[in-house]
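Here is the structure we will look at, set down as structure tokens.
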Amino acid sequence: MSKAIKKIGVLTSGGDAPGMNAAIRAIVRTCSYHNVECIGIFRGFQGLIDADFEVLGPRDVNYIINKGGTILKTARCVAFRTEEGRKVAYDNLKKAGVDALIVIGGDGSFTGAMVLSKEFDIPIMGIPGTIDNDIHGTSHTIGFDTALNTVVDAVDKIRDTASSHKRLFFVEVMGRDAGHIALNAGIGAGAEEILIPEENMGMERLLESLKKSKKSGKSSSIVIVAEGEKLGKNVFELGEYVETNLPEYEVRVSVLGHMQRGGAPSCFDRVLASRLSVKAVETLLEGGSNYMVGLINDQVALTPLEQAVKGHSPVDQELLRVSDIITI
Amino acid sequence: MSKAIKKIGVLTSGGDAPGMNAAIRAIVRTCSYHNVECIGIFRGFQGLIDADFEVLGPRDVNYIINKGGTILKTARCVAFRTEEGRKVAYDNLKKAGVDALIVIGGDGSFTGAMVLSKEFDIPIMGIPGTIDNDIHGTSHTIGFDTALNTVVDAVDKIRDTASSHKRLFFVEVMGRDAGHIALNAGIGAGAEEILIPEENMGMERLLESLKKSKKSGKSSSIVIVAEGEKLGKNVFELGEYVETNLPEYEVRVSVLGHMQRGGAPSCFDRVLASRLSVKAVETLLEGGSNYMVGLINDQVALTPLEQAVKGHSPVDQELLRVSDIITI
Amino acid sequence: MSKAIKKIGVLTSGGDAPGMNAAIRAIVRTCSYHNVECIGIFRGFQGLIDADFEVLGPRDVNYIINKGGTILKTARCVAFRTEEGRKVAYDNLKKAGVDALIVIGGDGSFTGAMVLSKEFDIPIMGIPGTIDNDIHGTSHTIGFDTALNTVVDAVDKIRDTASSHKRLFFVEVMGRDAGHIALNAGIGAGAEEILIPEENMGMERLLESLKKSKKSGKSSSIVIVAEGEKLGKNVFELGEYVETNLPEYEVRVSVLGHMQRGGAPSCFDRVLASRLSVKAVETLLEGGSNYMVGLINDQVALTPLEQAVKGHSPVDQELLRVSDIITI
Amino acid sequence: MSKAIKKIGVLTSGGDAPGMNAAIRAIVRTCSYHNVECIGIFRGFQGLIDADFEVLGPRDVNYIINKGGTILKTARCVAFRTEEGRKVAYDNLKKAGVDALIVIGGDGSFTGAMVLSKEFDIPIMGIPGTIDNDIHGTSHTIGFDTALNTVVDAVDKIRDTASSHKRLFFVEVMGRDAGHIALNAGIGAGAEEILIPEENMGMERLLESLKKSKKSGKSSSIVIVAEGEKLGKNVFELGEYVETNLPEYEVRVSVLGHMQRGGAPSCFDRVLASRLSVKAVETLLEGGSNYMVGLINDQVALTPLEQAVKGHSPVDQELLRVSDIITI
């Protein structure tokens, strides 16, 4: 890793997230600032195997900072999980003169990159890009803040109709196995209850809480349900169960779905993506490798990728408490 | 109906729609302008039966023009379908001195009001408030334009992730038995196909069209599906069927759901609601009754409620053609 | 004009407006649908003179339906006002094999195109694209609806702070010499007063109205001011004058400015742009020329460009009345 | 301060900020959770002097978490700056049985509260509510994140028209004497230059930078200007100066103004407001006083009000560097 880096490749992998384009833009321009060439790799690891590359200069990333999705596309890649696949990938990188790789994505993407780096001694850096915020080594992943605003905006709309009809809504939000989106957006949306995988509320307590809520004079209620947790039921079964057991409620269910992944990134995500990307490029140029760049205590910080992948990103107990108190 | 009207009651009924509050505000203020008292009736026809009334003055409707939902709430009311129920309703109106009634809602709500009017000779007016745009006698119902923007905004977000992953999305939108939302929002969102109850596309043609779309070089596709039409399948079955028959596509399904009913009304809906409401009040004051106020050829126009309820609101064939052409 | 049209050029001219890209997309695709080539001309008439052309196929206009601005750019062009300039333009069109021209813009742009058409017998069509809605022959210009939503959204935000502080705001909106934006957005935003060039309110009546408004119990007020009308003062002088004469008010001024021209187009503008564009292309293919395509009574309709340019687009007197009534 | 607190008063003071209502809601509900009464004080310190109080229960703050502005209003209060005024205020609090006070606002508001606390030994807490983020002891003030999104959204719109016309825009944003909004929103909006009071760029360097920007192939440019810094000129003079000296640019100026203060708060601001408010109430109940509750290293933390008022909130040097690099 001591030889000077002249060409950096960048790819996005896994689920797309708003702010990925802001990261790509910042990587391209930081490369240019340091007189290093930048190569865009299309469709994640698949693009490595297909040598789907394109040189990116500062003007090629004009007007993308505010676009959702990723101009580099993303895809699942089975071939990259085999040694042969990764050999092809490495050969393509070598042929193109790419000295180092930046991967924007989540845990799975980092793991793939780490294997490649170990097998072929190529410097890599990871940038956490996922709306789920389920990555160790950063308080915020790129896309999380935007997704929270998207969810809160959607639930504000649902609240309009819920309160007009005095209904109870179960709203399922994304987050994979983590409750970060549910917990934060639940507080932000003023949800009466928030069901997350990290906390086992239990069906009985949910029914109790909803009964109490009704008695307290609330005429409509929103329950936010993380996709990873539904008390052993899917969200529609959950709604039916509650309607059966609490006939005083008229229940509706809404699954927000993939719109949570898109949209113009928030200012927070644009700034975050820019900061992490400058650091990722400069770390490579200073000889660093195998780190994830994240935000810790509001400062850009490096975490060894191995730790990032193994570590947990628990939900904040203080937030759970705040949620309990303010839904009184 | 010759006696002077001194007090007008207003209620919202059926599904809520953005712009209903703008209508309530305009009714209250037009009453005040003409020195007539205005009574807000809560929870639709149920509020008539429960005498759930409140005098509304111009300052009581400050700052509601931009709020989704309805401050008067809405509810289904079984009792109002009985003669006894309507007798109670009429007695409550009489006791409160209400001389005339304005109903903001859809077909079902108008029908209820017409029965009351016939039985007790009370003047009524209807204002079309529903996101579905399925009412005869108006080019636009209150809430339709806002719902279109909400759908288009959501599909723009889904497009971000669809194009990043090169996926095919089936997006179900509201509209009950009508395809107005699907057709207009489908064109606005640049959907590849639009499935509406008014047009029987047939499964074969859909598959053909999607195959052609793929060949034409499109890397992602959105199909908008009206809730009233799914070619005999629900939207999830539809997605599975297509994925099975077109394995070149990775299919995802999203049901936009109740968020389509909420949100701050668009300028169009606020202006529309204001215009129709002024006319509704003034028609009552001039001795008119049993009309729906609507927009025809951009002008406020009256349609006898009987016609409004019986008539159809077909989708525009020109729009269907435009949709076909521009998705090439 | 009898010879078959094989190649259509399209340009955007004058101020940009949201929905212009939706129009370009629909023109390109309608051409493709009819097996006609489409040529994009950059920077308005300047691009004609510079032969700044690019062939546009259906896939070149993917993902632009939701983008503000115009991918073809727009510019002022002094040279095109001279006969020599237009000769160069025509020669370039001929060299490129362009048989007909579609101009998306306003009055000035149409006039330029008409001169070219007369001088060189080239078929042309006009599509009204401007946020100002000041064009005869269409109830709505492309971009108008979006601008209304942008203004209403901004004034909703200003209302938050106005009502928290109990202030009087003067908000200047665009519209050139016409009051369409001010009148519609003023009603939509719940403005207390709306000052437009078409109605001479007079300073005395404004002061009277504001005094009355204060007495009626309103704690905050918004006055919308069209850029074309300020009672002989600029909006800052107007604010100062009112503060001096009505010391009970704390006055603030906000000029919304160029943000009104941008943003993702509303569903209405996307559908409108698509409809008008299909008709523009097909009119040319059917041998028509020198028409503007517009929306009249909700239907797509042709108006001779000469009439469109000469005619007026007066504000609706009914809207003025509605505005007076509901601000009581 | 040892006696038990039974009644807490809350007021908002200074400029309003999105999220203030979320704070009021959380304070009211945390009081209720701990069986303490909560008194809303209207129009800031003026309401203390006028005894403009209202008991607030958990249901009184339904549906306000998503509203901009402050339901408690805010106002400047000259009388509170005098000892007599504060005596009246204290007497009113005593008469109403209010044991402690929470002030949501900025430096000036905290200073006023501290004087009252010192003079009359009444426990107080401060919650930082201002869009300017210029308060020591918290990484984020309530309203800052929302204002950033509002600015970025507006500049995205301006960018549409700037790039269509190839223009240079100077956009003035709020922030009083601090550059936090300008710096963060400038990075988020992809601004070419950001002028803030904390950094003296100098006119020459600005001209140099814009010349370089033009040469690099950028066709449009946005310069964000903090209201506190304009290189000795107001933003209009600045625009004129640049247009005179760089005739290759067509310059436009936009002052975003008071819309930056309003709008539905972002999820971040709603969660932040909720967290700080729970802590503010509980600190009072535990006997604490004269602290500001803030966010430090992502954790809720207390800072003595005296320090909060005296300390500085400098802009982040790393952000300045990121801004320089990515605008290449």
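Quick notes on this structure:
Order of writing sets the chain letters: A, B, C and D. Residues in each chain are counted from 1.
As a working rule, a residue touches a chain if its C-beta (ideal position, glycine included) is under 8 Å from a C-beta of that chain, and two chains touch if they have at least 3 such contacts.
Per UniProt, the chains are A, B, C, D = ATP-dependent 6-phosphofructokinase.
Computed from a predicted structure; not experimentally measured.
Seen from the Cα centre of subunit B, the chain whose own Cα centre is farthest off is D. With centres taken as mean Cα positions, subunit D sits 28 Å from subunit A. If you average the Cα atoms of subunit C and of subunit D, the two centres end up 36 Å apart.
Computed centre separation for the pair subunit A/subunit C is 39 angstrom, with centres defined by C-alpha atoms.
Among the residues of subunit B, those in touch with two or more other chains are 156, 159, 163. The touch graph of these protein chains is a ring, one cycle where each chain has exactly two neighbours. Pairs of chains meeting the touch criterion are A-B, A-D, B-C, C-D. Interface residues of subunit A, counted against subunit B in their complex, comprise 12, 15-16, 18, 67-70, 73-75, 150, 154-166, 169, 252-263. Put simply, subunit D touches subunit A in their complex at residues 25-26, 29-30, 32-33, 58-59, 62-63, 65-66, 139, 145, 148-149, 151-153, 156, 159, 163, 184-185, 187-190, 216-218, 264, 266-268, 270-271, 274-275, 277-278, 297-300, 318-319, 321-322, 325-328.
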